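Below is one structure; the comments refer to it alone.
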Amino acid sequence: MTLALTIGVLVFGAVFLMLQRGLVRIILGFVMLGHAVNLMLMSAGGVFRRAQPLIGYNPADVVSDPLPQAFVLTAIVIAFSITVYMLTLAATGSDDDTEDLS
Amino acid sequence: MVLLILLLVLAAAVIGTPLADRALGRHAGWLFAGVLLALAGVVLALAPSVLADGHTPGFTLPWMPQIGVGLSLRMDGVGWLFTLLITGVGGLIMAYSTRYFPPGRRLGFYLLMTLFAFAMTGLVLADDVVLLYVFWELTTLTSFYLIGLSGPGASRPAIRTFLITALGGLALLTAVVLMVLRVGTTRLSEILADPVWSQDPAFATTIALLVAAAAFTKSAQFPFHYWLPDAMAASTPVSAYLHAAAMVKAGIYLLMRFTPAFSDLAVWNAALITVGLITAVVGAVFALQQHDLKLLAAYSTVSQLGLLVAVIGVGKEAALIAATVHTLAHALFKSALFMVVGVIDHQAETRDLRELGGLARRMPVSAGVTALAALSMAGVPPLLGFVTKENIFKGLLEAPGPMWVGPSAATAAVLASVFTFAYSFRFAYGTFWGTPRGSTDVHEAGPGFLAGPAVAGVAGLVLGPAVPVLNRLGERGAADTTGTYYPAGLSLWHGFSVDLFMSLAAIGFGALLIRWTASGERMAGRTLFPVNGPTVFEFLHEGLVGLGRRVGDLTRSDSPTRHLVMPVLVLTAMAGVAAGAGIEVPDQYGGTTHPLDWPLVVLATVAVVGAVMTGSRMACLVMVGVAGFTTALWLFLLGAYDVALTQLVVEILTVVVAALVLRRLPRRFHRAPRSRTVLTALIAAAAGVSAALGTYFLTGRRDISGPGQYFLDHSEEDTGGTNVVNTILVDYRALDTLGELIVLGVSGLIIIAVLNSSGLLPSHGSRWVVVSRRSAAYDADDNTLIMRAISHVLLPLLVVWSVYLTVRGHTDVGGGFVGGLVAGAGFALVYLAAPSASVARIKLAYPKIIGAGILVAISSGALGYVDGSFVKPLHTGVSLPWGGSFHLTTALIFEAGVYLAVVGVVLTALNQLGLEESRPGDSTLGLMAPTPDQPPTNAPEEGSGDHPEDPLGTVPNGGTR
Amino acid sequence: MSIIDIALAAVVVSMIIATYRVLRGPSGADRGSGSDMVFYGFVALVAILGIRLGTALLVDIVVVCTLVGFLAAISLARLTAGGKR
Amino acid sequence: MTPTQIAGDVLILAGALAFLVGAIGLLRLPDLYSRLNGVTISGAFGPALILIGLLVQQPSVGNALKVGLALVIQLATSAVGGSAMARAGYLTGAPQAEETRFDDLVVELDEQAGKEHPGYSRPDT
Amino acid sequence: MSAALLPLMVAVPLSAAGLLALAGLPPWLNRVLLLAPSAGTLVASTVLLWITRDGTVLSHNVALWPDGIAVPFLVDAFSALMLWTTSLLVLVCAAFAIAVGDDRTSYFCPLVLVLSAGVAGALMTGDLFNMFVFIEVMLLPAYGLLAMLGSPRRLRSGRVYVTLNLLTSTVFLAGVALVYGAAGTVNLGRLAGAAADSSMVAVGMGVVLLALSVKSAVVPVHGWLARTYPSTSPAVTALFSGLHTKIAIYAIYRLYAVVFDGDSTYLWIGVVVFGATMVVGVLAAVGEETTRSILVFHLISQIGYILLGVALFTELGLTAGIFYLVHHMIVKASLFLSTGAIEKAHGTGALDRLGGIAAREPLLAIAFMVAALSLAGIPPFSGFVAKLALVAAAFQAGEWVVAVVAVAVSLVTLMSMLKIWGGVFWGVAPEEADRPVHGPHTEAGSTPVLVRPEVPAAMLAPCVVLAATTSGIGLGAAVLLDLGSTAAANLLDTSTYVEAVLG
Amino acid sequence: MRAKNVLNRILGILWMPVYLAYDLLTGSLRVGWEILTPGSRISPAFVEVPLRCRSDFEISMLANLVSLTPGSLTVAARQDPATVWVYSMYTESHGSTLRYVHGMEDRLLRATRLEGAPPRPQDLERGERGQRR
């Protein structure tokens, strides 16, 4: 439940930031959303087993599912790549404001 | 087979047009006239077999067998008549065209005319509904271009015509689809013979209405009639062919073709008779109102088509005999009249009746031809038109339904004929007799020009007395449409009968009308309705365009927020629906909550609340960083150390890069009105609740997954690695990792590319932040010395540590990504510690590092083919000199590639975003530019073919111009 | 609740206080100092969690944390001064 | 619990409390510069105690090396970070506490123009 | 062709991209390295089409790990068809880009190569997470291409494009998480029918499909596409329209067939949504005033048509949808390129600033019109067969309303095509069409030259190739219908596919 | 002489952590007391401290030692002539801060130089309010 709660809180913050003016806040919102989804992937692997999947360190029955961890690692790096690019976009143009001029 | 040859000859004519045009110019028309008339001869030769013996030649070739569509052709009596008209009248018009146009090449015209002839022939011969539809649309299409060919003024009329007829086409398409689905074949003859039409009246009614709608648009029936006069923007040969003889007859053909299915359907009878007669009357009245001869002829066509539609609607044998022969008569007199209009227009340089008159003396042949055609149109004996029109009256008298229907219908037809008589008179008299007006310097046209109209006009005269030769045709037409043989008994004189009196009434009242209206002049120029068709069309068109603009306005925003909110709402709604519907979920597997989790929930909440509340960019960045670190701690708690480590480093690098960007922007965020904030918070709350509920109910409800257990059990044996996550990354799912590496590398490349194209905002320090210059703390060289000293110590430490993490990744916490990120952090440190931006730049060719990383990773993947598959890791144990052995795997090379790419990207971000400012095409990349010999800027290229005035600055070297 | 848990709570409370400073400012450098504090808090948390979870692996991570946390501090300082080196 | 464990726990608790003190300083101290001194407690003293506590609880050569390394790096970086932040604050005119007695930084370059510096608050008496 | 070679369709373009980033090669070599891998994929996918035409599914466990563990690469008729079409488009669009000089901008060539590699990977993978990765591989270059080429508005568009796609990718990932959470696997073979059996999986897959729907710009989440595609360079728009939304559509087809097993419970949602997409897209198109924005809204409208096939989920519906998909990719690219050529040559795509081009450039006009008529479903071009089959499928499935909508929308489609035709190809060009053209390097003071712009042959050729292809598909519809129905059969009965995944 | 120097230096290095720990502890206690008790007893000042350090390394080490000690903080530095500007929370007088930092410098130079710390310059002290004498 704690993890679900954390995810909910993060999603709230992420969506709130995403819906603001200015690309920077949108980007930061996405960074947060990325965290939430990564935790969701971890949660999908199950949160009962919590020992690190290093062979020989822990008893087999408490070792956590390594597959979601690999997914999350991949996802983190992909999200990072896009974040850095979006930050570049925020630094081009005339401002990072994203509202329509009218 | 003969049908296929017919079509193939026409197709060959189409394909041959460019050649003919090049060789003969406008005289190519003679060639095509020859071809068409020869084909008409072939058709005539088929008459004994088709008309007398009732043979129906056919042909079939598969086209789209999956949906049963074939290239099926069939010629019965109706098809024979229309084929004859298309080829015969077409031939005359082709000949006429050679004189109509000024000398020169006429590729477009001849191409489209032959294509039209091809399409029309295909249409009337098709025995496959889909094929029929194809040719139907092809006639629409060619007509569109033929009208548009007449220049800029014709473009709107062409478009209006196209859209109206296409509307009908869609009705036909719908009918076709429904019929095919219902009957299970695309063969037209089989469909028409199917019992479904009598068994399922609802279905029959639907199809009947759709087919009628298609025919009404094509044959210019009220209220779609207006396109036909509108299309008079086209050149005269086009009008003569399409708008008199052929295309408008496609609708008539369609109605006749489908009569077997619908003739007993009250809706069909009522719709056709009503619409047809309204059109006949209205068209005739309109015709009398025209000054322009061509428009007069056009409205006349509308009216005549109305009569045909109405009489087909009767659905009885006599009516269809009348329809068959009147179709022929109309084609003859109307094409003659249209061609004559062209002649008059040419010779007198006007076709306005107010400027014409008394030309008979100077243009006697034209006058004669016109008189013949007009008399036939007016239904005056002994011309063919008289006989056919009388048959129409007779046919209409048999209209099904209550007693009064037949007489009323016939009366309406007589009324139309009264006006017909009047405008026919006006046409001929007003032009050639009457008061001489306009230019007197008018001469008779040459024989080539007059041949076409003369033949058509004289044919009407000859066929009048010789009308019994058409008996076979009429009977066959009736038999093909009603299924029963009925003696036609056509003759110029067949005693006193009701229809003879009706003819006489039409002529008599017509004469009176001429008198009352002074040859129609008193009616001319008046309008019957307050609006005309094109206006209504354009009004609707504009309305649709305006509606479209408003629909487009809904999303016309460059604000990401506007576009982001919709998916979020949809997703939230979906969660709501799922929650509302209720989903069966198993119980949670084990406990999902641990006391140590709570501090993290608190931290996450604090971070989110802070990020949401603050107006400071920096504070928001820090708060998001806090959320990221909290996430990393979560990962620790969940046993994902590799991931947590990566998360930590990524988070820090994000902060570093974001800080480089934020210095270019105002310190505080843009403000938003309170209402927006509240709304946003509500949406965000809904999304948050959805995410939390989704996670709570849909995860954590099973034991470890099958693949997860497999990895734990086998990774050491399979790969020699004990860090299971790492073995998944570089061994089991190296493909994911390769993709991830590519994504990372490409992000570096696109950062460079975008900045080369657009440039950065200036570094806004001076604008947003006041920095005191009056202190010892100002000088950067001095004040960075502490950091530099530290970075000199830390950099080697970080690099060594990063290599250590990379190498040990397979067995312990670490890996190429974390390693690369740590090394990247080291470079970031050096960058940040440097005393000035120019010194700070790390002069490594970072795009090349990225490229090298990609190549190294893929090469190691390709090595896998040695063992049978891409990215299959190869293993070997290297025994060390001091005993023991080192487990060597190609996965390590893969890791090296990953490491390189990560370092390259971090360097890219730092160097590119760290610039004070950049302009588009800033050549800071020097040697790294992808195509160094082609400067990205606008600088002129040495030795290239580009001229300074080059309007296409973008054409590359050697561009063809 | 063990001693370690109390320590953990103390660090978390400290971090929340530091967060207040980040949000409150008033100067950019104040926000920066607050954020430094938060990051130190994370280092401390990782270390304490290492003890609490009884794993030595986290020490490695502490090293990385301290190394990279520094970057954030300098970046934010630079940002505070509007990019001035 | 063994004595080393107790000692370790105590060290860790002490470190955490020191941390807390630094944090409270962030609230209570009057200006950026004094607050940064509070941060030093949390950045150097607190972590040092915690890390040593960790070592005491899990003593090994490897851990000693790693903890030593972590300690050195933490001390060095927190010091540099503090300095950098102080300088950034000074450059952008972070306000100084009432009690500030004098400011040699400004005097250094230009005595007369000192007042124009937004951060200048050197008392006259 | 050994199935083990399938990953090469990803690896080869990626290697070329890596090489281009690594070494500063001469321009001609850049171009060769850009075109050769696509040509290779075209050839390879032709072979694959031949192999899979009878319903065969080629499969390979990448790195030879056991079933359910390895990432599987598969090709059946559907994916082979998509591979063929996408590689053709990459080839043609790249040729056009070279003709207009897009390839001279930084990293254009490697980015296009990576894009095509991502597309190939996404088409072949049989693993949900791997699909996410390849979609990202496809998207990253797109982010750059969109923002580095085209009008000054491209940066703002670039922001919309990135944020939208990032959101959907993240949502996709969340969906993958939920699926994994419920089913414990992301392997499509193991997930076969899972959503039909378990509502937990259905929700997860629903999230995935929603993300894909946003990516394919379905109403009401379509606005982003309309705002972003027109602002980049024409070649890139053509490339995106042919590849990006289409991969999402492909994935929707594939995933719905495999994981939902075509569950009819949810089909009505698709019918409603896709019907609305047709209508909204076409209405908006008719309201636009520049060539590309009209075409872009059409793109949205046509996406409704294509997806209707999967919402019907009958054999005819799927066949029609797949046929429509392939037809649309080609035709749309052709239209973007032919109007793009005009845009490049005349410096504008505004209808009121162009005119009379048909008379001066008849070949270009024909190429445009063929594609435009095909788009509107006028026979004998491929669009007609597509529309016919789809409408028939809709009627057959008893979806009368949407069938009539599909028919009606095609008239409005024709209307907006004629709007372009009337505004650009017919009529008269306004005075400024002959406006003095300053070369980019004109020295101040030199007299501007009056130039009547003309589309060079190098730009014309790609448009003509694609227009010829659509005519060919229309006249030789049997071939594509055959392949489409094989593909549809594979979707209806996924057992072959699933067996191939699981070995 | 040489051996003695080396020994001296080694001792200097070994003593450093001890001094540091001591400074850290006392500084933390002093500032902690300030934080935890009501009222304010601080008398802060920014003090310019001329140094005998020569290399970047020495200067940074000194600056860091100063910063590490709660109660004092390096705000700015200069390479030539070597100087640091120290923020000191408890400034009794200009001279007291100078003496404090120079004491640290002595210990540092003993660890970094074979020849040990040079004598402290005597003419740098300023008056109560920081004016040069």
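Chains: A, B, C, D, E and F, in written order; residue numbering restarts at 1 for each.
Please note the rule applied: a residue touches a chain if its C-beta (ideal position, glycine included) is under 8 Å from a C-beta of that chain, and two chains touch if they have at least 3 such contacts.
Because the structure is a prediction, the values reported are computed rather than measured.
*Asks:* Need the graph distance between chain C and chain F over the touch network, please.
*Replies:* Minimal hop count between chain C and chain F: 2.
*Asks:* In terms of CA centres, which chain lies closest to the overall middle?
*Replies:* Central chain is E.
*Asks:* Go ahead and name the chain pair joined by the largest number of contacting C-beta pairs.
*Replies:* Looking across every pairing, the one with the most contacts is B-E.
*Asks:* Where the CA atoms of chain A average out and where those of chain F average out, how many Å apart are those spots?
*Replies:* One centre to the other, that is 45 Å.
*Asks:* Roughly how far is chain A from chain E, centre to centre by C-alpha average, rounded to an integer in Å?
*Replies:* 29
*Asks:* Averaging over Cα atoms per chain, report the distance between chain B and chain E in Å.
*Replies:* 15
*Asks:* Any idea how many Å lie between the Cα centroids of chain A and chain C?
*Replies:* So the centroids are 20 Å from each other.
*Asks:* Would you pick out the residues of chain B that each touch at least 2 other chains?
*Replies:* Within chain B, the residues that touch at least two other chains are 557-560, 562, 564, 568, 607, 637, 641, 653, 660, 662, 664, 691, 694, 699-700, 702, 705, 707-708, 711, 733, 736, 739-740, 743, 746-747, 750-751, 754, 758, 769, 771, 775-777, 783, 786-787, 790, 794, 797, 813.
*Asks:* Among all residues of chain D, which ones touch two or more of the remaining chains?
*Replies:* 22, 24, 36, 73, 76-78, 80, 82-84, 86-87, 90-93, 104-105, 108
*Asks:* Residues of chain A that touch two or more other chains: which are they?
*Replies:* 18, 23, 26, 40, 43-45, 52, 54, 67-68, 71, 74, 78, 81-82, 85, 89, 92-93, 98
*Asks:* Report the residues of chain B in contact with chain A in the complex, numbered from low to high.
*Replies:* Interface residues on chain B, with respect to chain A: 557-562, 564-565, 568, 589-594, 597-598, 600-601, 604-605, 607-609, 611-612, 617, 620-621, 624, 627-628, 630-631, 634-635, 637-643, 646-647, 650, 653-654, 657-658, 660-662, 664-666, 669-670, 672, 680-681, 683-685, 687-696, 699-700, 702-705, 707-708, 711-712, 715-716, 722-725, 728-729, 733, 736-737, 739-740, 743-744, 746-747, 750-751, 754-755, 758-761, 812-813, 817, 905, 909, 912-913.
*Asks:* Sort out for me which residues of chain F touch chain D in the complex.
*Replies:* Checking each residue of chain F against chain D gives 20, 24-25, 27-28, 31-32, 34-36, 40, 42-48, 60, 63-65, 67-76, 85, 87, 89, 91, 94, 129-130.
*Asks:* Where on chain A does chain E make contact in their complex?
*Replies:* Counting only chain A, the residues touching chain E are 18, 23, 26, 30, 33-34, 37, 40-41, 43-45, 67-68, 71, 74-75, 78-79, 81-82, 85-86, 89, 92-93, 98.
*Asks:* Can you list the residues on chain A that touch chain B in the complex?
*Replies:* 1-28, 31-32, 35-36, 38-40, 42-56, 60, 63-74, 76-78, 80-85, 87-100
*Asks:* Inside the complex, what are the residues of chain B that reach chain F?
*Replies:* Touching chain F from chain B are residues 775-777, 779, 781-783, 785-786, 788-790.
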